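Mind looking over this structure? Questions follow.
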């Protein structure tokens, strides 16, 4: 359940990995990246066959969904090898470093994160604890859109709650509520709506490409790890991909 | 009231016990496991006959209910020997280690946990403090399903509340509320519903197999401890058991 | 106002006293128990006659009520001798040690605890601060029934609030609220209902046995302390007593 | 504004003073008591004539009201000598030590405490900050009646809120709220009602004995301090006084 | 914006200054007082002409309003010299020391404090951050009247909230809320009403004496500082002044 | 996205820079100011072309909007050079130092701060995380207007919440709520209204001067940095500018 991985990837580990290229040149870079972002491989951890199948579908779900949304980053690798705390992982890498996140890009990432849970739900008619980290990240992103980035038209271009950076014997309180119960209710409603729409989007993609999902999951159970090339052979990107960085709606006039 | 035991079992003690197999090979493994998960036997603790009867029915309730639900783990041992703080204990062991918990498996475990209280209620027309640890665990599981695992369709695939890991002179605050009163009310309603349905399920099983419950309780009062074999002789599993790990709803296509 | 005493008795001091029997064999056991559970006798503390009368009726109230409820423990001693912080005390002793508390037993104990206040109210047409410890204990028991022991059908078989065991420079926070305002209101209503019914029960017993109450109070003013034998001579138990431990509703079948 | 004084008096300073009688035998006991309970006399503190008049009426108000309620303790001394932080003080002493406080006695004390503010209001058509300590004490007593002593029939014979005894670098938190908003509202309503009725009672007494109030205030401005004898000469107790300790409603039967 | 100054003045600096008279006899007392209560003069701080004009009107507003209310203390000095953090200051001195604050006096002081903001609003059709300290003090006074001094008939003669004096690494929490949301709403309403009425009073005085306001502000811009004599020459007190200490409504009878 | 810069500028860095003129005389002052207020230039930070375009429009948005409001400070420099954490920055400098902030000036500054987000929204049909610091500052200003500066007629000339200056191992709690839920709701409504009106104002300016926005953004992409002269050549101030300091509505009378 590659959530831990994606977490690290999106929060800068890739960047760190790239910057350390010169340092790591002599060793296998690919392994270095994964070690950095997913912890050491844990060959000793035995996961039974039934659970392997769920993990395979979960990771395949992330990959299939991400590959079907224009703004999501390309799938770099999908694996059901156990690394660190995760039973599997999916790595998505942007073509270029990014310093800004747009509303559309954030929505795309949330749909991708919910692809694992959506796949479980469609395939198994049950859902597991394996998505808990994905759900935490989706919730955090949706809350940030509404309360820190002014991306909900209901709540407007302002922030809600005061961020506190208290390092008090290891505790970090991330937010102090400074708004009324009414606003809290509006925030909850908006966050819930953003997450629900992302989940419905993920489910619809899983249903549309169910056969590809089965193929990727089956392949993962056979070979454990699929790279970008093999993944795109099984499931060629069905949409024109873009970086998720907004472009002007009209052509820019040239200055004399 | 084997709640403390079950608690430890489910939270990894079994795993720990298994991993330490090589270490404990020479001594009686069975005793080692129980010592690890339930504390030393307390022969000196005198419990009167009336209470022994309640404990016997309580433990028998756990065992009868767990044995009647497909996803619950097999009953390994039932005992009214006093160990640690518990007056008795019921050990359920999975056939294989587990890293994922599905919604159905969680529901099954909750029904099993409420089997003790359900048995007391049916047999004695009164209920005792002996179930308090069971209730704590059931509540914690139901809350986790709703707030951390996205398993309530009412609340959706997201998390509620921020987990805090503050080790502040021994205190651990498990959750910081970051939602409105309205959402708090919805959460309470969902959690209550999950627990109520599990309890009603437990009660219906107890009523259906009341004669087996009497038999197991009576046997416990005679011999104090019943192992899996003797338990299944008195009460053969009435349902096809499974591991509780979800399986695909349709056959998986084979890749070329 | 024997609340402090009863408090210690019910919370294990009796048990402690019993276990230390071997140790205390040579000295007067009866005095040892009372010294342990009620502090040293305070002959120097002068209480005026008007207050002595109130204390006598308060303690007699506890004794009369407890003696009229099947599940309440037998009255061992009633006294208006000042001990520790208490102006008087009533000791009720179970026939056997107890590790489980049933709903009926808890209700019985609450009625007994409210017997002091009920007696004051009926006899003096005023009430005093002497019952404050009784009220604290009754409230704590009723809350525990509803929030920790799943004994309210309104709130169901689950727990409310998270117990915290924080020893932080001497402070112990007993509970962290994790439920909505709506649930808080339901809890308050249930707790209030349990306490009110117990108080009304106590009042009805005081009214029914008012003559015995007068006799016991009068006797206390004459001799300061009444033992079980003398108490039962004045007021023979009007109900069949039982241990308060639930018994099966139907005969238990015998296993072959 | 003798609130600080009365505070100490009621909370045990008198008791302390009495117990230390043997110790202080050789010195002027009267002065010792006042020094203990009101701090050293502050001759240097200059209070202007306008304020002296307000203080005189405020203290006279306490004395007149207390002397007109059966359950209030007898007025021992009234003074407008500045002591400690107080501009004046009124000492009321019970005839005998007291360990129990009844509802009627508490109500009587609250009426006496509000006598100062009532006098200001009637005489000056304005009110001053001089009553702030009186108001704090009245509020604390009314809250205790409702939340700790079970003396409100609306809230019933139970306690509300958990007392905490936290000594954390000098802080003492007196109460942790453990009830719903609805109960908080009921408590506020009851407390407000108890205080309002006490204040209306105080005002009606001030109006009834306005001439005596003028006389006592005038005398205070002339001689600064009035003892019990002189006070009762100006204003003989208009009601039969009692100790405030409840008495049985009917004669007590004699045991054979 | 002499709020900081007034703050210190009212909270005891004047008193301190007076008591230290013997000590400071040899130096210029006037300068000593101002240095104590307003910090050292800051000649180096350059304030532009536009802002000087606003400050002049703000200070003149305090002085004009205070001089038009019977219970406000006489204006001792008005200045637009920058001292400490303040751009200007107005000193009002009572004729005699005061230990009691009446409701009328508190209302008078609040109107005076709001005179600065009222003047800005009338003269400039805009308002500035210069009044922030005035607003803080007015709010604190109005809240104290309602919650600590029992001066709101809506809330009655009692206190709301528990004052805490916690010195915890420099923090002082001034109040712990112990009342319901309903009472919080009533308190807010009363406080708001008291402040609004005071502000409307200030505005009406500014409108009535607009010509005097212009004269004083103009004079301040010319000479920077105006003493009591010059101020009263420009604007003779239009009302009979008093100390603000309540006087009896009727003549006091003489004792024989 | 020059929010960090503007932040420092408005909060006193400019002032600091000016005072240190004598110290820095020998070095390039312009560079010194920018180093002080925006951190060192970060040539090594590579930002891709798509993001550069968004940053250019964002900064141009600040500049165009600020230049179209009378009370906003003149645009001193606009740049898309990466400095510190910011991808670009816009410096606005007042003609003279300022110690007072009026309501109109605060509103003007908020419109300018929202110019970046407004430009993104109009040009790209998407919005980015680049405005988060702008939104934080706008929210803080609007809240201060309502709760600390008495600039909302709905909430009146008073403060809401108690500022706390607690330096507790690095934590600063900025406000303790002391008002009811009703007032919290009113505050939220007012703050939201102030921000919404400012944003709508910014959007309308961006739409009106869209061609100038394109020109400035294009020029920034060509030369990275534009100074005041070049900026005003492209977009001459379309409104009469003022300092934002209120002026009297009527001529001031002259004193004799």
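Labels for the chains are A, B, C, D, E and F, by order of writing; each one numbers its residues from 1.
Keep this in mind: a residue touches a chain if its C-beta (ideal position, glycine included) is under 8 Å from a C-beta of that chain, and two chains touch if they have at least 3 such contacts.
On a predicted model such as this, the values are computed, not experimentally measured, just so you know.
Participant: Over half shared numbers or under half: where do the identical copies subunit E and subunit F land at their interface, same or different?
Facilitator: Interface between subunit E and subunit F is built from largely different residues.
Participant: How many angstrom between the C-alpha centroids of subunit D and subunit B?
Facilitator: Computed value for the inter-centroid distance: 59 Å.
Participant: Counting only Cα atoms for the centres, state how far subunit C is from subunit F in Å.
Facilitator: 68
Participant: Can you list the residues of subunit F that touch 2 or more other chains?
Facilitator: Expected reply: 168-169, 181.
Participant: How are the chains arranged in terms of who touches whom: line, ring, star, complete or other?
Facilitator: ring
Participant: Considering touches as defined, can you lay out the ring of chains in sequence, from subunit A by way of subunit B?
Facilitator: Following the ring from subunit A in the direction of subunit B gives A, B, C, D, E, F.
Participant: Over in the complex, which subunit C residues touch subunit D? Could you list them?
Facilitator: Touch residues, subunit C against subunit D: 46-48, 50-51, 53-55, 57, 87, 114, 117, 120, 123-132, 135-136, 138-139, 142-143, 168-171, 173-175, 177, 181, 184-185, 187-188, 191-192, 195-196, 199, 211, 214-215, 217-219, 222.
Participant: Taking the complex as given, what residues does subunit A use to touch subunit F?
Facilitator: 96-104, 148-151, 156-160, 162, 164-169, 176, 178-183, 243, 245-249, 252-255
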